[in-house]
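In what follows, subunit A forms one complex with subunit B and a second complex with subunit C.
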Partner chain A sequence: MKITLDADKCCAAGQCVLIAPEVFDQRDEDGVVVLLDAEPPAEQHDAVREAAAICPAAVIEVHA
Partner chain B sequence: MTARPIAVVGASAAGLAAAEALRRFGWRGPLTLIGDEPHLPYDRPPLSKQLLHGAWEPERLLLRTEEQLDPLDLDLRLGTRATGLDVATRTLTLDGGELLDCAGVIVATGVAARTLPGADRIAGVHTLRTLDDALALRGRLAGTGRRLVIVGNGVLGCEAAAVARELGHEVTLVGIGAIPMAEAVGTEVGELLAEEHRARGVQLLTGAVDGFGTTADGADPAGTDDAQITDVRLADGTRLPADLVLLAIGSRPAVEWLADPALDTTDGLRCDAYCAAAPGIYAAGDVARWDHPVHGRPLRFEHRMNATEQGMAAARNLLAELAAEAAAFAPAEPADSTPGQERRAFAPVPYFWSDQYDIKIQAYGLTAGADRVETTVLDRTARRALALYGRGGSAVGVLAAGLPPRQVRALRAVIATPLPWEEARERVRAATAAG
Partner chain C sequence: MTLSTAPAPLPVEPPSGCPFDPPAALGALRTEQPISKISLPDGSWAWLATRYADIRAILGDTRFSSDTTVHGYPLSGMTGGANTDNRGFIRRDPPEHTRLRRMVTREFMVKRVEALRPEIQRITDELCDAMERRAGQDVDLVEELALPVPSLVISLLLGVPYDDHAIFQRLTGTLLSRTVPDDERETARLELRDYLDRLVTAKEADPGDDILGRLIVEQQRTGEITHDEVAAFAALLLIAGHETTANMIGLSALTLMRDEESAERLRQEPALIRGAVEELLRFHSIIRNGPRRVATADIEIDGHLVRAGEGVVVAVASANRDESVFADADRLDVCRPNAQHHVAFGYGIHQCLGQALARVELQVVIGTLLRRFPTLRPAVPLEKIPFRTDMSIYGCHALPVTW
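Moving on, here comes the complex of A and B:
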């Protein structure tokens, strides 16, 4: 799995961090998403897919 | 085995989330996604922000590209409106007269902008709900120095006011209540926003709209025969000169097509805790009014986050119901249940945000309908504040403006389940003590 972000669209809702805190974080100054792990291990994949699905700004793209 | 589809009515955030979740949770049968707008599913929050401003073009609002939609193998019906639903047979009627016999239906038709009588025949009077609405308004905001009167000082009116000021227009924001967004966030946070709007040059007025003045000669610059707006009349006799008017006076759930008496469509489509309106019929997003199991009463949210979460929940629960139905018809067969196929009550922590100028407001839980609000202004000039909202002795909502994300997430944890008021106050203090 490889993750890419379109961080310019991020609305700083922080749902990705709630769902997959080992993969996503937020910048302190504006809450915009930060990718901690672009190729997370298998045990994170479900959470990452959930985060991508739930992101209210469609920022997270998951590649197989 | 029949090949009846699951139909999702409404191709915006909730409908798309439902369609994707149906596939993710294992629906391999036909899947029809019906949207009355001609566009691929797009995101609405930027309509009153980046799109109206001109910072983003419409393509940037697309929630998925065609390539991303392809694997869903959708029967995608854009520019198509559902006109009826027979609940007992789960049969949809589409606007061309086609009948669609469905295995299940998810209603995600959202809301439509409220308007005022006669407004649709006056050039320069706009509503803002769809991409086409936003593009039309944006076109009229080309150049600077237009006199824009925004009727309604809720979230949409406030966001549009901020954008129009940033674009250099003269903006008057008129509300029935004196304080903007007071209903959604309380009077003190609302007053803080009012200060920012005033500081940015927005004129804030209180009053009810009584009518519109127009040119008699139909000299509409857009070239239609409609009369052009010249002013907005308030009930107290005030006349507000206007080149352009935005009606931001709320919305009504798009349920007028649902006439089956088996459905309760009072303020949205009424659902149980599982988002089910009737057997095989579910609802999600702005249109759905469901029994929130934590808050113990029917709620309906016009929030972006809820659209996605409820779309997913409705999809999961519909599939669980269909699996149970199939098992009942063929009890001898071994249960072919996909993991997680059990209906779950939909119990989200509601979330909404609003961007106005440099202010980002984020709120979790229930902020509207509170009987108690405690607002702490951390920095008046920087518009940094937090607020706790209570109802019946419990803390049920929290709001943050200008707080670091870690603290905002900690605040969410405080109200994820209602806590006694005093305990929540303590936890809010602890969550925001550092930084």
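Moving on, here comes the complex of A and C:
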């Protein structure tokens, strides 16, 4: 799995951080999403897909 | 535009005897006519969306504008900050919306709010101590706990003297009411504006280490925003951060008091409270008068052409009971696996800024009530509890309890 972000669209709702805190964080200046792990291990995949599905601004793209 | 049959107004009354369910008419529309029309109080009309997928499509598409000054915005029947002069970023579009929202996003990000958890717990414990001293009497849970927790927290964050809470509780109550006459609402709006104007002036002289102080030092003094824009931030954050969480606390406490099995489960396994809060947000969906948008282009939604300049009202309470997303949607299931897919906080770039804060407040208050008041119960029968069918934010006006 490989994750890419379109962080310009991020509205800092923070839902990805709640769902997959090992993969996503928020930057201190403005809460915009930061990727901690662009190729997370298998045990994170479900959480990452969930975060992508819930993201209100459709920022998170998951590539097989 | 004339219609062959005049559309009905937005349904607001819950089914009789089921105060926790959204209006039955919304459920019927969702299955039979998911995109329909409603009439607004001034005789105009707007589209009404009731299905989860359509509502995500509308709120996720910025061609549906939040700007109340765009021609055709469905203002009629709106409460709260429906005014168009000096409105907060909730009523603006990108790029202005993005610029303004990002001035405060860090204040509400997950780690900042997590760091506040001990303070929120302390506030909750003190209010619960006061309740405990009144054991044996009926206590109004709304007055004693549900309102003061979010009110104390947002006052602290903004740097608003808590002693003033009675003023803005009264004013937001009037602003959010669907039944007060327009002129009364306008008076309340002006009164709130004057109050915030004085508050911001005082903080300009002596900005504290709080959200309004930081806005003044970092944004106003550098010329990014004006005095009036600081006041607009204050109005938005006070109103949005106040009655919403309060009503969720009241409704959540009431449903858990009536569902001993779920309550016991959460007492045994407090780790389940996080998920339970998502389910309670889904189940209660307290925002009942929108969100609203106006189309800025001709856009097809589910086979209907919404033309530029036409208004749209989305019923998040209906989306959250959509069976195609939530199995057995009318049941409260505190372990529902996909509860967080709810749209109780909206969807798209305007999705609730204060959601992390609201979640922690709810987790702390519900966890504390379950632990400290295991025998808590309503002091009056359900029919005697005054539900807020007259307000844009659903909940209970009062909730007498005993233990």
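Just so it is clear, the second predicted complex is superposed on the first by the 64 of 64 C-alpha atoms of A that agree within 3 Å, B and C clash if a C-alpha of one lies under 4 Å from a C-alpha of the other, contacts with A are read in each partner's own complex, and residues count from 1 in each chain.
Everything that follows uses one rule, which is that a contact is a pair of C-beta atoms (placed from the backbone, for glycine too) under 8 Å apart; a residue touches a chain by one contact, two chains touch by 3 or more.
Computed from a predicted structure; not experimentally measured.
K.L.:
Following the overlay on subunit A, give me a clash-or-fit verdict for subunit B and subunit C.
P.N.:
By the criteria stated at the top, subunit C and subunit B clash after superposition.
K.L.:
Which of the two partners, first being subunit B and second being subunit C, lies in contact with A:14: first, second, both, or neither?
P.N.:
The answer is both, since A:14 touches subunit B and subunit C.
K.L.:
Should A:45 be classified as contacting the first partner (subunit B), the second (subunit C), both, or neither?
P.N.:
After superposing on A, A:45 lies clear of both subunit B and subunit C.
K.L.:
Using the superposition on chain A described above, determine whether A:54 touches subunit B (first), subunit C (second), both, or neither.
P.N.:
So A:54 meets both subunit B and subunit C here.
K.L.:
Kindly classify A:31 by the partners it touches after superposition: subunit B alone (first), subunit C alone (second), both, or neither?
P.N.:
In the superposed model, A:31 contacts both subunit B and subunit C.
K.L.:
For subunit B, which of the listed stretches 22-30, 94-102, 220-228 or 310-318 runs into subunit C?
P.N.:
So the stretch of subunit B that bumps into subunit C is 310-318.
K.L.:
Once the complexes are superposed, what residues of subunit A are shared between the subunit B interface and the subunit C interface?
P.N.:
9, 11-15, 17-18, 26, 28, 30-31, 53-54, 56-58.
K.L.:
What part of subunit A is in contact with subunit C in the complex they form?
P.N.:
Going through subunit A, the ones touching subunit C are 9, 11-15, 17-19, 26, 28-32, 50, 53-54, 56-58.
K.L.:
Give the list of subunit A residues in touch with subunit B in this complex.
P.N.:
Against subunit B, the touching part of subunit A is residues 9, 11-15, 17-18, 26-28, 30-31, 49, 53-54, 56-58.
K.L.:
Can you list the residues on subunit B that touch subunit A in the complex?
P.N.:
On the subunit B side, the touching residues are 13, 17, 20-21, 24, 43, 45, 60, 63-64, 304-305, 308-309, 312, 351, 353, 355, 360, 362, 404-406, 408-409, 412.
K.L.:
Could you please specify the touching residues of subunit C with respect to subunit A in the complex?
P.N.:
Those residues of subunit C that touch subunit A are 59-60, 98, 101-102, 105-106, 108-111, 340-341, 345-353, 355-356, 359.
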